[in-house]
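Paired with chain B in one complex and with chain C in the other, chain A is shared by the two complexes that follow.
Coming up: the complex of A and B.
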């Protein structure tokens, strides 16, 4: 059982890409993210085709999503600067919602060895990459709206004694963002795998509502929310 | 006692981080419900800060989970 679990947790190579003589192994995490990206791009193009002043059905869905994201970012960052950060934060939350809940779209029966859609955020490299991107946006926000001098001065606030802690902040924030997302998704993923092994008939239908859907969407929201809080801190 | 047993006990101990997170989240939720009962019009902003506080308090439990997973899956082999 432990071996089966480890096999499900670890990324495995799907194929090896040959790029100018370099052999690049492509894992199932990357392939899953490609699938998510393709679905998101197709949805975005499909929902925003032929925009009109009086929205039709498809445009209504797109407007609800965009307004929901805009309102959340406006609440967190404030009415002055939100426009610069809403596109990035919206992309992150949409990608994370798809990435965290992708295992419920596992409709193609692949058997034990076949390709399965599993959440790519169960690997710490993916979440750490997203967290580093977020902290880059935070640093960009500080430099863009306060200038390099103002950003450097913000390290010595409120008193110069706080300097080491303010520097550490930029290391701890991405680490905590990455570990929170990774731990939550991996934990939920392991619990679901154990349920599939123990009670494969009836229980997964209900428990997957909590562990896959609710937990995944909540963690995507928390990731985006914390990033916007950090950005608004950097803008103060 | 074998090395595997000690690692298993260490992983079990690291799961005790859940106690702190449970107490923290329950305190925060209790206070938030009190606040909403007293001032129902402030429910929106209370919910947002509750979610943030719960996420931050939960992080400690998640660190415990990560440590337990590392111990079980990397050390036991």
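Coming up: the complex of A and C.
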């Protein structure tokens, strides 16, 4: 049982890419991410085909999603700068919603050894990368809208005594983002794997509503919300 | 799950950037632009409707004023005409009265004149009659002084009538 669990938790090499003699292992995390990206891009293109001022059904879905994200970003960042950050934050939340809940779409038949759709965010490398990207956006926001000098000065605010803490902030923020997401998703993933082992019928359906759907969407929202809060702090 | 893996890290970063660019191009930019376009078009439509409403209200006001002016002018004209008609009527009536008075005056004068004429003729007739009677009387007894005086008196009296 422990071995099965460890097997499910660990990333697996799906294939090895050979780039200029450099052997690059491609794990199932990356492959799952590609699948999610493909789905998202196909959906985005499909839903926004033939846009008109009077929307049809497909366009309505896209508009609801985009407006929801735009409003969230507007609330967090304010009416002046939201437009620059809504696409990135929207991409992150949509990707995380898919990534965190991807295990419920696991319809590919195959045994334990075959490829399975498991949340890529159960791996610390993925979440850390997302968090580092988020903090890069925060730094970009500070430099882009306050200038390099203004951004550097913001380290000494409100008092110069805060300087070390402000510097630490840029390490703590991505670390907390990454670990929160990683821990939540891995925890829910382990619980669900255990439930699948203990009660394979009926119970997983109900419990996955909470552990996969609710927890996944909530963590996606939290990640995006915290990123937007950090951006608005950097813009102040 | 916890081992650092730089390839996964790099892959995720590249994937995220590509995904961000594509999502921005295909989903966020067109939809946001479209919604802003729709918002502005709705605002424009509302503004146009408001303008049209204001114009209609103005036209209505103008029309009302014109109607009022026309009514006032009509009333004025009617009053003037009425006054003129009254004046003319008064003038005609006055003339008619004057004419009638003149005619009546003339009638009176004619009647007076005819009466005078008739009186005069009657007087003459009476005088002739009296003279004839007197002649007859005189022929009977014209001698006495008393009779002569009586005849004179009679003639005077007849002349006075």
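The definition used in the following text is that the second predicted complex is superposed on the first by the 236 of 236 C-alpha atoms of A that agree within 3 Å, B and C clash if a C-alpha of one lies under 4 Å from a C-alpha of the other, contacts with A are read in each partner's own complex, and residues count from 1 in each chain.
Rule of thumb we're sticking to: a residue touches a chain if its C-beta (ideal position, glycine included) is under 8 Å from a C-beta of that chain, and two chains touch if they have at least 3 such contacts.
What you see is a predicted model; the values in this text were computed from it and never measured.
Annotation: superposed three-chain arrangement on chain A; chain B versus chain C shows no clash, the two fitting side by side. Once chain A of one complex is fitted onto chain A of the other, the partner contacts of A:75 are limited to chain B, with no touch recorded for chain C.
In the superposed model, A:9 makes contact with both chain B and chain C.
Contacts of A:40 after superposition: chain C is touched, whereas chain B is not reached.
After overlaying the two complexes on the shared chain, residue contacts for A:83 are found with chain C alone; chain B is out of touch. With both structures placed on the common chain, the touch criterion links A:186 to chain B and to chain C.
In the superposition on chain A, contact of A:176 is made with chain B only, not with chain C. With both structures placed on the common chain, the touch criterion links A:139 to neither chain B nor chain C.
In the superposed model, more residues of chain A are touched by C than by the other of chain B and chain C. Once both structures are fitted on chain A, no C-alpha atom of chain B lies closer than 8 Å to one of chain C. Residues 9, 186 of chain A contact both chain B in one complex and chain C in the other. In the complex of the two chains, the chain A residues touching chain B come out as 6, 9, 75, 176, 179-180, 182-184, 186-187, 190, 221-222, 225-226, 229. Partner chain C is touched in their complex by these residues of chain A: 9-11, 24-27, 29-30, 33-34, 37, 40-41, 44-45, 47-48, 51, 53, 62-63, 65-67, 69-70, 83, 86-88, 90-92, 94-95, 120, 122-126, 128-130, 132-133, 186. Residues 48, 51-52, 55, 58-59, 62-63, 65-66, 69, 73 of chain B are the ones touching chain A in the complex.
Residues of chain C that touch chain A in their complex: 1-2, 4-5, 7-9, 11-13, 15-20, 22-24, 26-32, 34-35, 37-38, 41.
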